[in-house]
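Look at the two complexes coming up: chain A is in both, with chain B in one and chain C in the other.
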Partner chain A sequence: MAAFAAILRKDLRLELRSGESTVALLAISLLILVVMVFALDASRARGAESAAGALWVALVFSGMLGATRALLAERDNNCIRGLLLSPIEPSTLYAAKLAAAFIFMAIAEIGSVILMVLFFNLNFDITLIRLAPILALGTLGFAALATLLAAISNRTRMGDLLLPILAVPIFVPALIAGVKASASALGGTPESAIAEWLKILIAFDVLFVTAGYLLFEYVVRED
Partner chain B sequence: MSSMVRKGLGYLSLALMFVAIFMVFDWVPTEAEQGIAQRIFYFHVPCAWVAFAAFGIVALAGILYLWLGERMWDDLGYAAAEIGMVFCTLVLLTGSLWAKPIWGVWWTWDSRLTTTFILWLMYGGYLLLRSSADDSPQVARFAAVVGIVAALDVPVVIVSVRLWRTIHPAVLITKTGEHGLEDPRMVVALLVSLAAFTIFFVWLLTLRFAQLRARTRLHRMGQEIALAEMRAGDR
Partner chain C sequence: MAAPVVETHELGKTYGQHHVLRDLDLRLLPGRAIFIVGANGAGKSTLLRILAGLSAPTAGRALIFGLDSRRLGPRYRRRIGMLAHQSYLYPNLTARENLEFCAELYAISDPRGSAARWLERVGLERFAERRVRALSRGMEQRLAAARAMIADPGLLLLDEPFASLDSEAVQIIMSLIREAVARGASLVASAHVVPEVQDLEFEVFDLARATLTRRPPTRDSADAGRIARLRSLLGR
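Let's look at the complex of A and B:
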């Protein structure tokens, strides 16, 4: 636990001093939302469903870059080797990197939600609170998947190009559940309609956090 | 597996394939509702079965590789993934050909189609990963991890896609009578096709597996020779 806290604290301090990841993430989210407004024909396609769709496109593609920042930072100066040589379990390292990625993504998403409300003419009201658990679960699942797969992709020839190719298809069930649940939450449908989708998100999170925790060791090991 | 057995498997699958083709085109009665188009069913279903079995083998081989660390399991996973990808493509193609006359479209986001397509994407990623990195134990571990993660995802994909489609039902002709194999001859033809495709798959798998094993051995021999030459040079 101490090791986990130490790595996470280090990553957060780095981020506080430079602000690189979160600013880049926010900028990309902003641009994706702008693109979505034009792509969905701003005069017509307003409302809950397109807003939810745009929000999740922003989450996936900004997350692709952002969730991996915490891990990629260790590649410079071969810091990852130092971490692996220290008496820290690889699974602890995974948990810390996952937590950092989750925090970066969450900050960017708060920004995205505000922009979404403005761009898609929604209201700042109680429905946004209902988005919170959905986004938190989706972000956790995505960060879990991306942290594991980024450790793979950044050591292949294709590099970061490979990450979306591996991650997006696997993320599809959480994406479907997240978009549907968000649209229902924003559209004001009763809580019971969302419960089914939340269950899928929870199952996805449990599965991939566990898988990442157990499999990370095989991915970072050097030989 | 000895080459005699493998040859036998090859001939057996060839013979069974001819029997299956004869049954599908000449022997089996035409389905009442869908007409002649339904006959693609006898190839479509075995392809799907082989694709899913192959991807099951990929995941299993991945687990065994991480657990036991023997190169053999990695070769098996690679061979199964390649063949599974071919059959998964065939499922999508034959499904598309079947869908056009029956549903009126080449593609629809029906739950089973979507699941198969996502599976195809995941294993496409797996093969890209394999081709984008050099042949090393490291890549074998990466591939094993991706194979396991993809297999873990399959049940979640199935559940989520089904839920997704029941909320927004397709406005198309539904799949009525697809599984109503009213004539016993249809069942027999399907079983023969399944057997033919399964044996064909096993034959392909053993062939590719033996080839990859040979490649691994060759690679290792090359390393040993290089090492020996280096040592001789030092002396």
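Let's look at the complex of A and C:
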């Protein structure tokens, strides 16, 4: 637990010092939401479904950046080897990197939600609170998946290209569930209708957090 | 007789068709030191990475503290200190923050105090709050040496520890090596040429064409060993 806290604290300190990830994540979310507002038909662009779709597209792209950044810090001076040599379990390293990616993404999402409300002419009301657990589950699932895949892609020459090619198709079930649940939450649909979609998100989270926890050791190790 | 700290049996490593290491047999007892000497690309770094458990051999095996190098758990990894070409230091953290972080990973009590002590030992106390990216190559190497030794490891793996360093940095790192070996740590270090480390008894192995050959001890190195033993007996 102490090692987990030390790695997470170090990642947050590096991020606070540079601000690179958070600024980049917010910028990409802003760009995606602006493009979506202009790309969608004006009348439809005001709908909850369009807003939810745009928000999740922003989440996916910012998530890829967030997960990559959390592991990129270890590329400098080959610090990842220093961590692998230290007396910590690789699963602890995975948990710390997942937590860092989750925090970076969550900060970007708070900004994205505010922009979504403004751009899609929604209200700052109770519906946004209903959105919170859906986004939290989606963020956790995507961060878990992207952190595992970023560890693989970081070791390849085509890494930056490999991550979206691998991550997006795998995330599709959670993406559909997240968009539907978010649209329902923004549209005022009863909780029972959202619960079905939330189950898919929870299942996805359990699957990929467990997979990352168990497999991270094998993907970060050298041949 | 004490169990060897490092023991390799017909150790080999190939990348594709290229043999980097072939049939290496090595045995290192506690408190002993060896230097692996070889040209660039001879496989010195690969061998050290295998001994550290960072890379897997493709043939044979390496036992570290009696355990297969690929199965070293946290308890055993804690006893290994490595100084590599790359410093494993975060450029955007300060010298103090890097050592504190390392001390926390190694569960050292009082990480702050430990970091301060090691900064002093490597002569960097005035640069404690300077970020690593703003340190010179020599300062960074001294800090990396402190990082490698902060947990008082039983096995030191040093990859060309004196490369591109000024004489002050060389003396500091030599002094740390001597102290570590004197307290019983074992050392495997690599170099291009046999280094002149005073007061340290060590064996030299040549690594060329993927094979390791023990160099016969010279009179100088034997003398150095006798002097070192005499000094330790006299309490210095």
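Everything that follows uses one rule, which is that the second predicted complex is superposed on the first by the 220 of 223 C-alpha atoms of A that agree within 3 Å, B and C clash if a C-alpha of one lies under 4 Å from a C-alpha of the other, contacts with A are read in each partner's own complex, and residues count from 1 in each chain.
Going forward, a residue touches a chain if its C-beta (ideal position, glycine included) is under 8 Å from a C-beta of that chain, and two chains touch if they have at least 3 such contacts.
Since this is a predicted model, take the numbers as computed values, not measurements.
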Partner chain in contact with A:195 - chain B first, chain C second, else both or neither: neither
Superposition-derived comparison: chain B or chain C, residues of chain A touched: B
Which superposed partner A:173 touches (first chain B, second chain C, both, neither): first
Touching partner for A:27 - first (chain B), second (chain C), both, neither: neither
Which superposed partner A:206 touches (first chain B, second chain C, both, neither): neither
Partner chain(s) touched by A:77 [first = chain B, second = chain C, both, neither]: second
Which superposed partner A:118 touches (first chain B, second chain C, both, neither): neither
Which of chain B and chain C A:18 touches, first, second, both or neither: second
Set of chain A residues, in rising order, touched by both chain B and chain C: 221, 223
Residues of chain C that touch chain A when the two form their complex: 49, 52-56, 74-75, 77-78, 80, 82, 84, 86-93, 97, 101-102, 104-107, 132, 147
Chain C-touching residues of chain A, taken from the complex the two chains share: 2-3, 6-7, 10, 13-14, 17-18, 73, 76-79, 81-89, 221-223
Of all residues in chain A, those that touch chain B in their complex: 145, 148-149, 152-153, 155-158, 162, 165-166, 168-170, 172-174, 176-177, 180, 196-197, 200, 203-204, 207-208, 211, 215, 218-219, 221, 223
Chain B residues touching chain A - in the complex, by the definition given at the top: 66, 118, 121-122, 124-126, 128-129, 132-134, 137-139, 141-142, 144-146, 148-150, 152-153, 156-157, 159-161, 163-164, 167
